[in-house]
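In the two complexes below, chain A is the common chain; its partner is chain B in one and chain C in the other.
Coming up: the complex of A and B.
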């Protein structure tokens, strides 16, 4: 087991810079989820750690070792690919044993490890089958098995569940989490699915366009998004964001002549332009509330209802209300927000503005 | 339409049977001829049924050879043809698959140039480059040798293109998984690419075996020593034997023998294809 450290890592493909300076420290035994939209460089980061791509500049360490120039096989990692990448002509057993044979692990030891992995993953009956004779979920398990028999320092997962149907995905998510926790192996898990990220990770890295936006625990990322990008990316429906101005006392915001109190003074100049963020689930109907929503359409989802509309002239927001409500298009819905649920961002940098220390 | 149906069926079958007759009749005549005594072959109606000397004729051409056209026994010639066809098929497949492997999986300077150069050899069959190739082979002292018979025909890696196309359909992740699994490039090639290519290899083997077996012009040029004659060129020598009536009954037997191995290869390899298809289909 080992920690993984990435320092000012850059990666370019020709003239295109895909990773623009990544710094990240993953603790021993931790499951770190890398989350971001498609094309932001998640896979590239993972492949650099795996040694499948060469580093342009920066450093990668696994344990205490600098691994920049090591071949994948010498890095003590195991990787689970998105399309599983099982060897189609080999049996399940051989798929799992192949890496061990190349490493000249003695035969009885290979047998022991493969049987153990098959037992953990429930593949015992399938060892003589070929990948094409397996279902998607079973293939996924074989790919996992191939990773665990190696007993590596680090597991690397590149969207391993994206080819499964929704139900199986939930189940496999749970299995991967349990397995990783039980083996205590450090894990890096790449995904663009925020639900997967929130449920699987000890911590998340949110990436955008080759940079890290935020590193933190799932709740921390949800409750204190470090930037407008993270605020918009985490949560569904995404956070409502609209422009406003900071009041003279720096403890309230002004919006169309209305005023919303903040939890305390913040670290920005009085009268400054701001972007205010508030999650749809944190807006509460309240008689005489400061924000009045002119509802123009309603989505009833059963467990909750999402009302879309405008406040003031042009600010569009949505509200998530528990249960099925009787709100309809055309209603005017007064809303209140607890002050601690308001997020403020600098409109130029997009960074979060914190309370004054 | 219903009344027409039997008629249509009849026409369809008639056409098929006609097609088969057109293809099979000459072969039948050759087969029947190979069983006749020499006198019967040359008398007016061509015999359409077997004569008495089927076994005799075949034993004669295989073991003794043709007396009048002073051609030696055919058995060693068949061996020569076999050596030539197998060497060409195996050699070409080996060269092509390795060069395709290099072109697809390695980045080296001049990679595309190498590919196009190989591709251009597709347009240069032996017949086109026969004079310079003969010159080279003669200067290397390879006339009258198996090397001279086979190497110039192997030397164009025409199947490279085919393997390249196939390798490009193999997902990159497979190569990456193998790399993570500690397989070097040659291990990956042997353990993964080669087994995945086996239906392609079988198909190519059939095509190239027949190509090699049917070579006529090249063996005619580079061999003057009877020990290296191939069966296909031998037929021609028998027909044009100097100032003697061709021994058609023997020649027919040799022709039948020359047809046999390609047919066998097709039949044997067909079973391989089916196996490959069934396995991937599951």
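Coming up: the complex of A and C.
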């Protein structure tokens, strides 16, 4: 078992800087999910930890060892690739045994570990088959099996579920989570799917353009997004954001002459320009509520209803209401927000503005 | 999936095929059937009398030590050319695949020999190995090897093997490299994480995965060594000394066009035809078994 520490890690491909200083500490046995839009450098980060790319500057440690200059095989990691990367000419058994044979593990021990992995993953019947004779979900399991027989210090996953259909994805997500928790192996899991990230991770790292936006538990990231980017990236539909001004007492915001109370005074100048964020599910219909939504279209999803429209002249927002409601386009819907559900961001830096300490 | 074009007029498809059919007929089917016919004839030296002798020409061939010698020379030559051509190209491709960095430069350099005409390639090597003025012959002399392929049959055979192999390496190299680069990068990376070094990866992963390419090239190279090396042999040794480098194809030419034994020569080309048909069959029969990568 081992912790993984990344310190001021930079990576450039030629003139293009892909990672711009990553600092991250992953605890022993923790499942850390790296979440971000496509192209933000998630895979590059993972491949640097695996040793498949060379570090431009910075340091990576696994356990107590600095691994910057170690070959992938000497880092005691196992990786599950997006396309599974199974060896097409080998049987399922040989795919799993390959890494052990290369390490000169005694034959009975290989047999024991492969059989054990096959049992855990339900691959017992398939050991003599070749990858092309397996379904997507089975290939995925073999790729998992190949990782666990190695009994590594760290599992690395690069979007391992994105080639599966939606139903299988939910199931495999659950299996991966259980397996990792049971083995107690440190895991780094890269994905661009926020649902996967929220359900799988002990903690999340939200990345954007080669930088870390926020590190935190899934709920923390949802409830206290550290930046406008995180606020917009996590949650579906995304958080409503609109400009406003901070009141003189710094405990209320002013929006088109209306005033919304905050939970307490915040750490910004009185009268400062702000961006206010509020999640669609946190707006509540309330007679005489301070925000009036002029509804212009409604999506009825069964379990809930999403009403889109505008407040004031130009601010577009949407509201998520539980169940099927009778709201229709053209309605005017008064809304209230619990003060603790309002998020404030600095419009220039995009960072969160917190309550005054 | 089946791709089909439907023509309204029934004559049009035949009209469109006509040029190709005419070429095949005139330059292929017609001479081939002529050869088949001629292989059963015997002509007197002046071409005045011709006699139909059934398979006498073939019988005479297999009783002739010169012909069986030529069979042996062809076997040695072909396998040496095919084997060394494949082995060297495989090594070069593995290295080019491994470096990645200046790959384009290496590739360009390695493709050049293929653009050289066979006779030119032959002359090139002939100069270098010329017993009197050749640079390689001189170097060999320096290490105590007395090089004279004009006298030594073994050396002559070696020389044509080198020239023929050199010319084919580019072709093999291209196919091997393409085969290696079509292996998904993540497979190689997975093997690297699984503790396999470059040599082990090559033996356990890359080589098995490019085996369809290797098999294809084996057949192509055998066909090349059998049939396409006439120019090189003609330029370098003219089949000598003492028929040490007379392959089957070269013997067809010598017996037919120099010895003017048209019947015997035709019988030899019929045998060659059978060989090339067999190789083509093997090619089509087994080459379809491709390895799936996903």
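Note that in this section the second predicted complex is superposed on the first by the 357 of 357 C-alpha atoms of A that agree within 3 Å, B and C clash if a C-alpha of one lies under 4 Å from a C-alpha of the other, contacts with A are read in each partner's own complex, and residues count from 1 in each chain.
The criterion applied here is as follows: a contact is a pair of C-beta atoms (placed from the backbone, for glycine too) under 8 Å apart; a residue touches a chain by one contact, two chains touch by 3 or more.
As the structure is a prediction and not an experimental result, all values here were calculated from the model.
Student: After the alignment on chain A, I want to confirm one thing: do chain B and chain C clash, or do they fit together?
Tutor: clash
Student: In the superposed arrangement, does A:52 touch chain B (first), chain C (second), both or neither?
Tutor: In the superposition, A:52 touches chain B and chain C alike.
Student: Who does A:132 touch here: chain B (first), chain C (second), both, or neither?
Tutor: In the superposition, A:132 touches chain B and chain C alike.
Student: Which partner does A:356 reach: the first (chain B), the second (chain C), both, or neither?
Tutor: In the superposed model, A:356 contacts neither chain B nor chain C.
Student: Which partner does A:87 reach: the first (chain B), the second (chain C), both, or neither?
Tutor: both
Student: Regarding the shared-chain residue A:119, is it in contact with chain B (first), chain C (second), both, or neither?
Tutor: The answer is neither, since A:119 touches no partner chain.
Student: Applying the touch criterion given at the start, work out whether A:102 contacts chain B, chain C, both or neither, answering first, second, both or neither.
Tutor: In the superposed model, A:102 contacts both chain B and chain C.
Student: Examine A:78 and indicate which partner it touches, taking first as chain B and second as chain C; both and neither are also allowed.
Tutor: both
Student: List the residues of chain A that touch chain B in one complex and chain C in the other.
Tutor: 50, 52, 71-73, 77-79, 81-83, 85, 87-89, 98-99, 102-103, 132, 146
Student: Sort out for me which residues of chain A touch chain C in the complex.
Tutor: 50-52, 71-73, 77-79, 81-83, 85, 87-89, 98-99, 102-103, 131-132, 146, 150
Student: Sort out for me which residues of chain C touch chain A in the complex.
Tutor: My answer: residues 184, 186-187, 189-197, 200, 204-205, 208-209, 291-294.
Student: So in the complex, which bits of chain A are touching chain B?
Tutor: The contact residues of chain A facing chain B are 50, 52, 71-73, 77-79, 81-83, 85-89, 98-99, 102-103, 130, 132-133, 146.
Student: Mind pulling up the chain B residues that touch chain A in the complex?
Tutor: It comes out as residues 171, 173-174, 176-183, 187, 191-192, 195-196, 280, 282.
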